[in-house]
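What follows is a pair of complexes built around chain A, which joins chain B in one and chain C in the other.
Up next is the complex of A and B:
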């Protein structure tokens, strides 16, 4: 396993009007690493994802992907470079079949792929996630758990190097949670680096190599899952003090 | 079979429901072939004229459906492309004696270029109301320009004596041979349906549909929104321009209000919504219902517009996905 930095974020700032959503955020992601991103609601986690994936631009700061600045690239260009994401509020293509949904990712996520290759890739991805038998149903028939899986399938079909997972576990049943944890471990084995936002602590601590905690737009702690969960500042931010923990 | 159909009534179900004889594609295709190809041979000139207008509007609605139904971009200035196609082709034939056959292509081409121009500001907008206002404003500007360039277009006096399509061998397209004009627009419509089917079933169609469903998700998966939107505006404006050009050489009279009025846009909208937004054959069925319905209710005077309104409301309440999907479930 190489320890090459694949994504590097430096001094990132973003404000929405008077609200500073991110303050001097620095982070790096090594190749083949799972980075857990946690923090209370409104801490700026999804904003950070939106900036890395290119759907909003920062006020200042640097985003380097494999050593080159990607600040001026649009979302679709970043996707083709190898940065894929899922959405916390799932955005399935409702009136399209499951396999069509995933084919969009497979076809447009990479250059030079034929539509039939993309379709095959989509079917393989669905197979991997155990959704093969659902492939010809329209996406609007899916349950929440399967919608989250569909988000993941679409992103995975783009053949990414980095996967940004925005709460793919929250809202799942306990069985589904375990299955999803296994899937994320599989994804790591495929050589993909992952940043995951998650509130389900059991899940995020069990798969993350490192964790980062955001609070009010600032990184307040970083380290291994154990270091982070035992950090008094983190407990303070989450639970309002150790005495309540 | 019957019980399956009964238990699933009103529910979204994974079990296939009973298929009635009239829902089979064989019946559907042969019925349309009879209605569209054979029946017109036995009708009078008046009915033939209505049928021709019906198909012109079907082509126009098909082109709008590409933008609104498949890509989810509600442009309300589509009649501008129809008018531009009509005026460009008519003026080229009147001023420079250009054959209407070339006018059909050039009219479509100029409409396509204006489609690109109007799509540029639309690219930056995501909220439907702004797109609606912008495109509607564009169409009004086109109408004002055409009405005020009196030297060129004779303004509201209109253009008259526009050449009909020049005859091919013994096949003439003047008003004495309406049947030929009818078959010509039928051929144009079939070609348009073929092109749209091709586009929709290919990668472009996938991109357009994904944009309709969620622009954010589409972009995050690598779909180039700008490119796709430019493309769909250009293609649909071209088709609308061709329809306009055909209209000019068929009716042979043009005024700004007859081809650039906002009521044309209303007609396109109603046809598409009644027939089925985002379906291939919806706009055609819709056109038959709306254009023919309005024509044959003419004896009611302006009261027919009330019926038109009531039908639209009923369709939106009881079959928001349009008639075609209600009757033929497999329709896409």
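Up next is the complex of A and C:
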């Protein structure tokens, strides 16, 4: 497995009015890597995802996908390049069934496939996530845990090269957390690179190859999960100085 | 009262109602996708009438060819209107109502443009089919029967298109959650433009069929727009089924109502029903509370 850089973000800045949400953010994601992104609420994590996925544009900076600048590409174009994401506040197509939701991802995603192929892909993806038996339920009937899994299924069905996971674990039951961790490892084995925002430390440290810590829009630490969790600056920012918490 | 007269009025009501349904489904489509109302929808109808007059009567093309060209033209007008006007006003925080207000502006602009271009004299288009059918003591012109057939075919085609085509799936996804649709590879901006175009086609189809009965003039869209607005509110905003059922239902009630009230009371009937529905069921017959 080569260690090619798949996403590179350079000197990214974004402000909303007077609030600097991201300040000179640099990061890279190698192929087949899981990058954990942590930081307190309001640190700019989701803003970073919004910029990488194309929902909002940065004030300045570069976003390179496999060596080419994608700053001027729309979200749907980035999806077709192979960038997929989930939403922290889940956004299912409420009046569609589970399998229809996922079919949308497969049908309009990276690959140009027929509707029947898309449907098949959707069913396979649901199978992988253990949601097969739910497939004909309407999305608005799901529990929060299954909504998060649906987000993941729909994103996976687009056949991405990189997957941005925005808190897919937070809010799950302990059993669901373990299952989700296994699923994320499975996704890595499929050759997909992942950036995951997560508050559940146990989960994020156990799957991440590297981690990055954002605080007030700035990267304050990076390294292996162990290096990051033992970093005094991180403990200070994250736990507000309560070192023994 | 004579049963045949009632039956005659019910059939007339279904025919007029099918046109209400056609107009209303265009408005409903736009509400469902963009969450805005298009007050220039009546002007799509009006432009459809003028194009049909120019192509069919002045240029002498046969009605099918003239209709096809009109539909194509007004589709483009709809797309351009979305791109030039609505596109820039969507998604501005605190500006939610501005696309709607802008459509009022477009409506006024198009009315006056057509007044300038084609004058204020009412124009007539001859029936596409002459003669009339008689059955069970009811007389019905072939043209009216054709109106019903065309309306049913157009609405059924629209329904099948939304349900089974790639575009239809993309449109349903876009109307249910725009952000999720975009992130899953759907170009929602293109969807919005095409939706406006399709909506304009529906109004044009109504104009092509109704113009021979009424007349073509710059203000012909106003009253029909009001009816269509009443219909989508009664049926439930954004609900295509609601628009169809409320459209036909309103047509029938108006048709039968004429037997009991003078014809000037037609609008009173329509808006009384609207007020009653809003009292009893504010989200409309088939609407959901959440838009």
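FYI, the second predicted complex is superposed on the first by the 240 of 245 C-alpha atoms of A that agree within 3 Å, B and C clash if a C-alpha of one lies under 4 Å from a C-alpha of the other, contacts with A are read in each partner's own complex, and residues count from 1 in each chain.
Here, a contact is a pair of C-beta atoms (placed from the backbone, for glycine too) under 8 Å apart; a residue touches a chain by one contact, two chains touch by 3 or more.
Keep in mind that this is a model prediction, so the values were computed, not measured.
Superimposing the complexes on chain A yields a three-chain arrangement in which chain B and chain C clash.
In the superposed pair of complexes, A:173 makes contact with neither chain B nor chain C. Looking at the shared chain after the overlay, A:226 reaches neither chain B nor chain C.
Within the superposed three-chain model, A:11 lies out of touch with both chain B and chain C [touch as defined at top]. With both structures placed on the common chain, the touch criterion links A:94 to chain B and to chain C. Contacts of A:115 after superposition: both chain B and chain C are touched.
Contact with chain B, but none with chain C, is seen for A:141 once the two complexes are overlaid on the shared chain. Touch criterion not met for A:57: it reaches neither chain B nor chain C. The contact surfaces that chain B and chain C form on chain A in the two complexes overlap at residues 53, 55, 74-76, 79-80, 84-85, 87, 91-96, 103-105, 107-110, 115, 154-155, 158.
Interface of chain A with chain B (complex): residues 53, 55, 74-76, 79-80, 84-85, 87, 91-96, 100-101, 103-105, 107-110, 115, 118, 137, 141, 154-155, 158. On chain A, the positions that touch chain C within their shared complex are 53, 55, 74-77, 79-80, 84-85, 87, 91-96, 103-105, 107-110, 115, 154-155, 158.
Residues of chain B touching chain A in their complex: 12, 14, 202-203, 206-207, 209-210, 212-214, 216-225, 278. Every residue of chain C that touches chain A in the complex is listed here, in rising order: 166, 169-170, 172-173, 176-177, 179-189.
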